[in-house]
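All remarks here apply to the structure that follows.
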Amino acid sequence: MKKLINDPQTVVAESLEGFGAAHPDVVAIHRDPWFVTRAGGTSAGKVGLVSGGGSGHEPLHGGFVGAGMLDAAVPGAMFTSPTPDQIAPALQAADAGAGVLAIVKNYTGDVLNFEMAAELADDVEVRTVVVNDDVAVEDSLYTAGRRGVAGTVAVEKIAGAAAERGDDLDAVVAVAEKVIANVRSMGVALTACTVPHAGKPSFDLPDDEIEIGIGIHGEPGRRRIPLAGADEITELLLTPVADDLGLTGGEKVLLFVNGMGGTPASELYVVYRQARALLEGRGVEVSRSLVGNYVTSLEMQGASVTVLRLDDELTALWDAPVHTTALRW
Amino acid sequence: MKKLINDPQTVVAESLEGFGAAHPDVVAIHRDPWFVTRAGGTSAGKVGLVSGGGSGHEPLHGGFVGAGMLDAAVPGAMFTSPTPDQIAPALQAADAGAGVLAIVKNYTGDVLNFEMAAELADDVEVRTVVVNDDVAVEDSLYTAGRRGVAGTVAVEKIAGAAAERGDDLDAVVAVAEKVIANVRSMGVALTACTVPHAGKPSFDLPDDEIEIGIGIHGEPGRRRIPLAGADEITELLLTPVADDLGLTGGEKVLLFVNGMGGTPASELYVVYRQARALLEGRGVEVSRSLVGNYVTSLEMQGASVTVLRLDDELTALWDAPVHTTALRW
Amino acid sequence: MTLDVAWAVDWVRRSAQTVTEHREELIELDRQIGDGDHGENLFRGFSAVVAKLDALPAEPADIGEVLRLVATTLMSTVGGAAGPLYGTAYLRAAKATGVTQLDSHGVVALLEAALEGIVARGKATTGEKTMVDAWTPATEAAVAAADGGASPAQVLAAAADAARDGAEATIPLVATKGRASYLGERSAGHLDPGARSTELILRAAAQAAA
Amino acid sequence: MTLDVAWAVDWVRRSAQTVTEHREELIELDRQIGDGDHGENLFRGFSAVVAKLDALPAEPADIGEVLRLVATTLMSTVGGAAGPLYGTAYLRAAKATGVTQLDSHGVVALLEAALEGIVARGKATTGEKTMVDAWTPATEAAVAAADGGASPAQVLAAAADAARDGAEATIPLVATKGRASYLGERSAGHLDPGARSTELILRAAAQAAA
């Protein structure tokens, strides 16, 4: 295992210290327990937005703390949900009197820890939305449901804009739910990643095979196929996403190609090009785009394709100003 | 070799097509020959800024085209300087009557191709600055001089701001030269990268060794050492940079930790934390920071540390608004 | 024969030791069908528990106090799915054991409370390839042993044996709860890491009582 | 005996062929002390040259016209250091060969012009571990052969042999020009890729004349 770290036990803390030192204008770092808030705190009367999850997905979530997006982020150990005693004070810190929306990715660990945190922080009105955009997981009564993956960025950005314009907690929840209902993703891994404390790759993948339908925790995907060209792989990602959204033509969408961490930007744009062509082939208009490493799995090589069906409200909220370390306009 | 590409011969073109399609508000893509300009072109009377080099370093340079930074970027084949017949029309396109500054990284290929392009575009007043910030290379009469690496971002940002505020060509050249005189970098690779057409890693590196003093073309570095902790490695990078700049305390600097493409953001912040501590230990004030993948070597794992000595003018120009796909504030 | 506070403390220390010894194994099991952190999570959690135990000014007053310390420490250090699940298990168990001595039926009450906590928190039933598949047979075996007049040590040994068999029996199962459920059919053929850690912890309890 | 336009065309086609055959070798040499693209760069360039040759409406009028086509095509397709260097070499050579026939001294003039172009562009002298270390002895050997009354084919064979020896002789050198110079002492022990490609191209010239 080759990593630019000092010690698997300290990497999350040291990284947060560096993050806070580099961006004091945007974020403040709280330790013991660790969480991140906006440098200036939540403005009075604004609904607070809190998200969190395992570390190793940077810039998610700390990189999305700032004006127009999150008020607090709670980083767990690498790929491990944060604990209730970390989350509870973050919920409290993000509360400026109008209540808090907790944006939780659908993993048993995240759901349970946020649930316990909300019980602990019973002085705060907490509402929770669960992001479950990953169409790689069959959604049925017999699983923990779909995972939350890159679509989380859209939920955080758009709900953040709704809170910033002054929506009350019910309204912010409604906007977040609308994004969740309209966003779908699917990812591919060319290589596994190595969690520092594990010291070896999260799964074994032969040199001529790729994993389709991976999540963002270095977990294996739904199936393994021979290595193929980017256009072919992109079609395997885009088709179930577009089908699941029921895109039939005439829609406007946000197309988001997300890198898993170790994929060169040039390759992400090759994927974007084909995903866009396929959407246009269906008569769908790509009216907004995002391409880059936003929800990563450490140094994993791979990408995910996310499509969000837009209406005028969601478009306006996506376009609204944002000032975080990872998204800014 | 595992890559999200269709064909090593088409990856640069397809990636540029995707890039152009994703960001039509910021950039325009020109083909045959390939180059990138601002969507709206250079504003009349403004000095034009052009840079270019081999592809595979994204977001450099195309990601830095836009208001407050470059007017045009010329991407060569992967890790191969662009050709004069690509560069010449980019110089012409960037010229809005006030002449053009060409920002060239110090590689024989880049220098020669830009030189020939300037001869071809003899209708344009072209001035050239050569970026050579890499302290890993001993600077002597007997080498091609130091390489240009991540410091290029600072040159493009600051010279771009000077052009945007209305400086004439001489003044923009002077600002660029000032940045070049005050910026130094050094990098480390934990792994090599694989150029698509080569099909195998650019150098062989055992599992327990790292390369100190690598460039950005997957070339081997100055020396190979056993894998060490991030703090120790950071010190090996920061010390020669700070020494070469002659930092003795009391200075203000921009500290820029650049990822080589395949390094998780968390690790870059671990490096940032230690580099900042070392600078502060020398009595140097880190007044501006940049952390992320800006000058990459495809999927290489590694990082570089860049320090720019700031004065009030450089600080103001660094802070000036910029609206490119990779840097925006 | 009854179990006392010293047993509880010994159980906790033995749990930390077995989780440390099997850290790699639990990581590897979780790597197969999850995200490879279960061993690290429990190692981190139980190391913290031991550190807190060592720092206590005085011996805890009753068994429940020991288990409450485990509960709160696991909740605040483990994270993931296992943190809330084991945390709730120990919390419920603590509530059921605010006493200085446990007889066989007290041991059964402890295990039943733990299982109830896990099910209340995680909503899993047996056959979903989770730690419930180890805790359920363990509790049943404990009931049977206690009803048959076994000593607390024998009750715990029976529970640990049943947990081991229950864990083994998760191998062919297709996961329908937790992270492994994302793998669908591909989750079959692997031992569930949480079921295995349950076995280890119950074995530690039995050994502390032996 | 003299060389004509057909020879020039054949030289170019043979150059493309040898560069294609040795693509991997040149990549590997450049991987050792550079960035691993030299083989790909020349392959891309000479493939484009052949495509342009094939698309010509009529046979070129003179040798210079063939070499000019090579020059402009390499300049616009190769990039890197090799594009301007080889491009300038062929451009200067074209200027020296605006004729339909080359005798031995004409061949020498071609080679001398090419070398001058490379040196004018790259500012390297011998001993800096570049293609100049192959071109310089090649040109010297050509001069000697022509002065000794050799045929154009013999002149080119002598040049190719000397280029081979010159390329071999780059192995122990420490590079002081080009990308390999960044490696410092570590560049010693490796053959310079540009010197090797020079040898290949001059060998192609000799074979076309044989």
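Side notes on the structure shown:
Think of it as A, B, C and D in the order they're written, each chain with its own count starting at 1.
The working rule: a residue touches a chain if its C-beta (ideal position, glycine included) is under 8 Å from a C-beta of that chain, and two chains touch if they have at least 3 such contacts.
If you're wondering where the values come from, they're calculated on a predicted model, not measured in any experiment.
Across the assembly, the mean Cα position most removed from that of chain C is the one of D. In this assembly, the C-alpha centroid of chain A lies 29 Å from the C-alpha centroid of chain B. With centres defined as mean CA coordinates, chain C is found 54 Å away from chain B.
Separating the CA-averaged centres of chain A and chain C is a span of 32 Å. Within chain D, contacts with two or more other chains are made by no residue at all. Chain contact topology: the protein chains form an open path, each linked only to its neighbours in the line. Looking at the complex, you find that chain C touches chain A at residues 27, 31, 33-37, 40-41, 44, 75-85, 87, 121-122, 176-179, 181-184, 186. Across the interface of their complex, chain D is touched by residues 33, 54, 76-86, 107-109, 112-113, 115-116, 136-138, 142-144, 147, 195, 197-198, 200, 202-203, 215, 217-220, 222-223 of chain B. The residues of chain A lying in touch with chain B in their complex are 2-7, 11-12, 14-19, 21-23, 55-56, 58-59, 63, 188, 190-191, 207, 210, 227, 229-231, 233, 255, 261-273, 276, 286, 289, 291, 293, 296, 298-299, 301-303, 328-329.
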